[in-house]
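Down below are the structures I want you to see.
Presented sequentially are two complexes of chain A, the first with chain B as partner and the second with chain C.
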Partner chain A sequence: MLSYSKDQRKFVLLMLLPAFGMTAAFFLWPTIYNIKNSFTDLSLLGLRDGGRWIGLDNYIELFNDSDFKKVVFNTLFWLTFVSVSIRLVLGFAIALFIESQLVRRLRLTVPLRMAALLPWATPDIVAVTVWKQIFDGRTGAINNKLVEWGFIDQPIVFLGDPSYVWPSVITIIVWNGLPIIVLTMAAALQTVPRDLYEAADIDGANSWIKFWHVTFPHALPALAVLGLLTTIWTFNNFIYVWMSTSAGPGTFSNVLATEVYLQAFVNFKLGLSSAIGTFMAALALVFGIIYFRYVVTKRFGGLM
Partner chain B sequence: MQNMIKTALLIGCSAFIALPAFAETTISFRYNDPDPEVIEAAIEAFEAENPDINVELERISWGDSRTQFLREAAVGTGPDIVHIAFVWPLEMGSAGALLPLNDLIEKNGAGSGFDNFIATDLARDADGNIFGLPWTADTWTLIYTPAVLQEAGVDVPKTWDELQAASRMVTEKTGKVGFGFPAGSGATNTAWFLLNYHLWSNGHALVEEDGSGGFQVGVDTASLANSFKFFADFMGEGGNPQSNIALGGLADIGSLAPMVEGDQAFALVPPNVAKAVIAAYKEKSGSDDVPFASTGIPTGSVGGVSHMGGRMLGINANTEHADESYKFIQFLISNEFFSDFLTAQFPASKSALAALEYPAGLEGYGMQLPNARTWGAYANGKTPIGTMWSEAGREFGAILVGDKTPEEAAQSLIDTINDMLNS
Partner chain C sequence: MTDVAINRSTVKRRKRGLARKHSPVKTAAALVLAALLVFFFASPVVWIYWASFKPSASLIGTGTQGLVFTFENYKNVWKNDFGRFMFNSLFICGISVIISTSVAVCASYVLSRYRFAYKKWLFGFLVLTQTFPWIVMMTPLFIMFANLDLINNHFALMFCYVTITLPFSIYLMVGYLEALPRDLDEAALMDGCSRFQTLRHIILPLLAPGIVATATYSFLLMWTEFLLAIALLTKTSLKTLPLGLALFFGEETVDWGAVMAASALTTLPALLLFLPVQSRLVAGLSAGSVKG
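Showing the complex of A and B:
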């Protein structure tokens, strides 16, 4: 084990100090400020005077509000769990296909990787705007084709009909967010030692056994990290829902990030909005701790 | 040598004394409407007349302008002059974001006098502080396509009930859109305007003065539910396509495309949107003939009432150049500015509006403006219009997707307003 002298430790600490300072200034201080605001009735119209201390009133209001439970459910289930699961599974499957022997033989690996990158290069706002046109109930491409081919008589209001709103929003999220999964998993698959496949071949293993016992265990660490990152990015995301449905129809697709915006900049209740933000941060923290302790460290600790 | 030094000192001193006379003051003007080139041209003309003042034009979308300015003003920054909605000056003034203009008006005047402006109740608070000068005026009215009405065999509707019947008939007979409106439930939904026009036209209001200096809800649950239901009934066979539930507002792509294409009978829109529809039609058809006409808002039991909307100009409380900013505002509210530059909008002065001639297709605005009311009690009480606007749209959306009955939605909106009034 390496040992460091007292001077060396001081030097290391000194070198790390700017980074700690930056972290404190740009992350810690805003977090503390937000938590403080969550115990006040701060309004956007009262920024000069500051808010009045009201204790836990904002949190009590939130947890007594039945609509807020729906918002939490939308965020955790639809926006996060469903969209992240689809992206991980689909992204891994596409990466497997791109890195497969067949694609290699056809010399399509590089073109397919480039194609997979395209949605990633499209800004979120542009992607949502284009998808809104594709989903449009009157002139959208999907409705036009479905009517033309005789699958439906009347156009579907994808972003207005409750039966289709979440699947439509998730389609947009998956399309825009899939490339990072595909490319990261494709890179992870390239690190699997080829000799393991050769050894498996010698042992007579079929494709499924090779995938389950060789490919999958080597891909899991990357998949685990992607799972964590994608979950947090999606959980906090505001753009997709706000741009596509404005949290509607009614409050049907409202999520925590849009609720933060609505309370702060539509209802001007910065205190209440801060309480929702604090609740979101707490949820993300709990998820991160559980994920690292029980999923990443315990299951794949040896591989990371 | 001595003479040379004296001459140099003289020139130096003269330059020093003369410097302030040529010093340029830079002020910033944040303008939010979508025609900045008009304002840029006006600024050039203003700067030519006032070489000591340099005006920088800033741009922001209407959706972000209010919150952005409030944030900036709270920390001592922001543009010198802001372009604000009619209902913002009082809340921004009470937040300390806008400078009271009383002294500047007293010293320099304001057009043909402050009382010649419309909607002065939205600019002056109970203590007499004036936080904005009304600049442009508008209201919404009904535009229609006579050819579609003729095809369906319906007359121009005069009442709300006639509008509903005509809209249904147009869709039934022609398959075209009857009364089409964006039915999305975003924060700046269109349902808010329709709902209020229907309520006002029938003698109700979401917020009204209580007669003792306070404010109260001015509608009962049944009447509000009736108004919600009235517009919900337009969806689908009532003439407003179901697909419009995904449209957030009139600015959404495709919102008025059927009107331009001759596939829609009626729309309720502000003048800038009506002008955009006419311009889009002319560009598409290559014809100068306008196939649209306009009329007043449909009437209810007490008439056809719309809101007196428009924009005001305010000065940031943090400005260091109040005099120069006001000078620029005086230029912007002048008759010359509206005749030479901002010809697409109506000036917010009573005398100018009375003398205005409305172009073909926009006659309805001339008919409707005398019947428009300001938001009045809505803007003066404890009920932020933005919050009520958002909630009204959410409740309407909840009805459309079957989450709530009109009665439940009405009660919920009334409860929200009461909570704000009692807070």
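Showing the complex of A and C:
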């Protein structure tokens, strides 16, 4: 750290002010306003009149509503838990495959990495767009092939049929979000010290033992950070569900992010929407605090 | 000498490892798996570009099939204001990136080099804004900007884009700054540089690669941002690329050719910018610093 002097305080303040002033204005005010609105019956049509104070009514309504329970379940289970687990398990497995001796000997490591970069560089909105075309009920590539090869008689409306909608949405998310796991884990695997494997070889360890006692412990920290970040990003994501199914069919694939939008801009219930938003932000806060305590503090602890 | 000897023996052992025989069945399985993976990852992207040159009718199976290529889709999206959207996106993202990165350099320099009270709280605040669901802010921001008469104002969106990219830019930049030795700053200050001169003339040139990576990543985040743009821009002529892309879904029947051309145009700059910095991002990610 630099030595203390009189103009230090001024310099520090001057350098921090633009960044933190703007961030505070952008995040704090809307958050407070949102919490305030969640206690009113504010409507999008009556913005000028403002809302009436109704205390905890919005929250009570939510927690007694079985539809809302389904929305929370969809968000936590399908959107977040299932899609994140698939990405972590598959991503780690593919990273192991890409970095394996056999693939390296076949000189396939680089082509595989290049291929994986493509979905990562694709914006989420474009990813949904192209998969919507691939999944399309009448003209999509998958339906064409399935009918052509005689697996099905009638095309499947992948994004409109309750029994296919979550697997289809999760396929889109996995396609778009798998590469970041694959490439990061592949990089992490390269940092495992080689002599550990050699030592294990000398001790006569088989590849299963080598995996559990050398590879896995070394890969675990990176996998944990990725798991946490992916969970936060997916939980917060509005694009995947909204652009692919518009929360449908009906409200079958509704999640918290789309419910905030639907209540505000379709049902015009800004008060209720704010209550849902506050609930959602509180859940995200839990992830954020875990992230801060176990990732940021570990990395920059010396600075704080 | 011993170092060299050890290195040589490791190289030999590695060569032996590489030359180890793998059974033909295993090799074949690996080849098939690799082919499947490449197909799964690459085919949708290849499809975007392929389909963007196909007549729309052939995409829904009614028109002529086979190898017919056309620029019709690109002409179509161009006629529908896509050039305008692209210009808007470039303008908004370009200016926002410059502001965001400059502000982030200042804040991260001080966070990395100076000791002061409440620093932990500042870091905590940054992290929590990174993990905050943006959808929750849509309504309050819309009302706030409507009251200030800033709907359909590009500068309002720029303000949003600067602030949403600031937290992770600062976080990334502190990481890069930590890799630069502190003696440099101290020597410069001893030699009579002002605090600002030290940052400007000593640190900034060394930080350049980190700045490029951070700026690129901010740009990509803004380039594909959808939620804030849709809340703040309602006039078609002011919209950005992602909104323009969504416009092509608006009608009853989707013109897939046009949608693919629009997707291709949205993705191309992202691809070109992304590839050079991706290895840096991978390195930063395991440290938990990148937003994806």
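Convention: the second predicted complex is superposed on the first by the 250 of 304 C-alpha atoms of A that agree within 3 Å, B and C clash if a C-alpha of one lies under 4 Å from a C-alpha of the other, contacts with A are read in each partner's own complex, and residues count from 1 in each chain.
One rule holds in what follows: a residue touches a chain if its C-beta (ideal position, glycine included) is under 8 Å from a C-beta of that chain, and two chains touch if they have at least 3 such contacts.
Not measured: the values here are computed from a predicted model.
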Which of chain B and chain C A:Val89 touches, first, second, both or neither: neither
Which superposed partner A:Thr251 touches (first chain B, second chain C, both, neither): first
Partner chain in contact with A:Gly137 - chain B first, chain C second, else both or neither: first
Residue contacts on chain A - larger count, chain B or chain C: C
Touching partner for A:Gly46 - first (chain B), second (chain C), both, neither: first
Touched partner set for A:Leu56, first chain B, second chain C, both or neither: neither
First, second, both or neither for A:Pro18, with chain B first and chain C second: second
Contacts of A:Phe158 with chain B and chain C, given as first, second, both or neither: first
Residues on chain A lying within both footprints (that of chain B and that of chain C): 47, 133, 138-139, 264
Contacting residues of chain C [partner chain A, same complex]: 10, 13-14, 17-18, 20, 22, 26-27, 30-31, 33-34, 37-38, 40-42, 44-45, 47-48, 51, 59-61, 103-104, 106-107, 109-116, 119-120, 122-141, 143-144, 146, 159-160, 162-164, 166-167, 170-171, 174-175, 178, 182, 185-186, 189, 195-196, 223-224, 226-227, 242, 245-246, 249, 256, 259-260, 263, 266-267, 270-271, 274-275, 278, 282-283, 285-288, 291-292
Residue numbers on chain B that touch chain A, as the complex places them: 67, 70-71, 74-75, 91-92, 94-96, 183-187, 241-246, 248, 253-254, 257-258, 384, 386-387, 390, 393-404
Interfacial residue positions of chain A with respect to chain B in the complex: 44-48, 132-133, 135-139, 154-155, 157-162, 245-252, 262, 264-268
Contacting residues of chain A [partner chain C, same complex]: 1-4, 7-9, 11-12, 15-16, 18-20, 22-27, 29-31, 33-34, 37, 47, 94, 97, 100-106, 108, 111-112, 115-127, 129-131, 133-134, 138-139, 141, 144, 175, 177-180, 183-184, 187-188, 194, 198, 221-222, 225-226, 228-230, 232-233, 235-236, 238-239, 243, 256-257, 260-261, 264, 270, 273-274, 277-278, 280-281, 284-285, 287-289, 291-292, 295-296, 299-300, 303-304
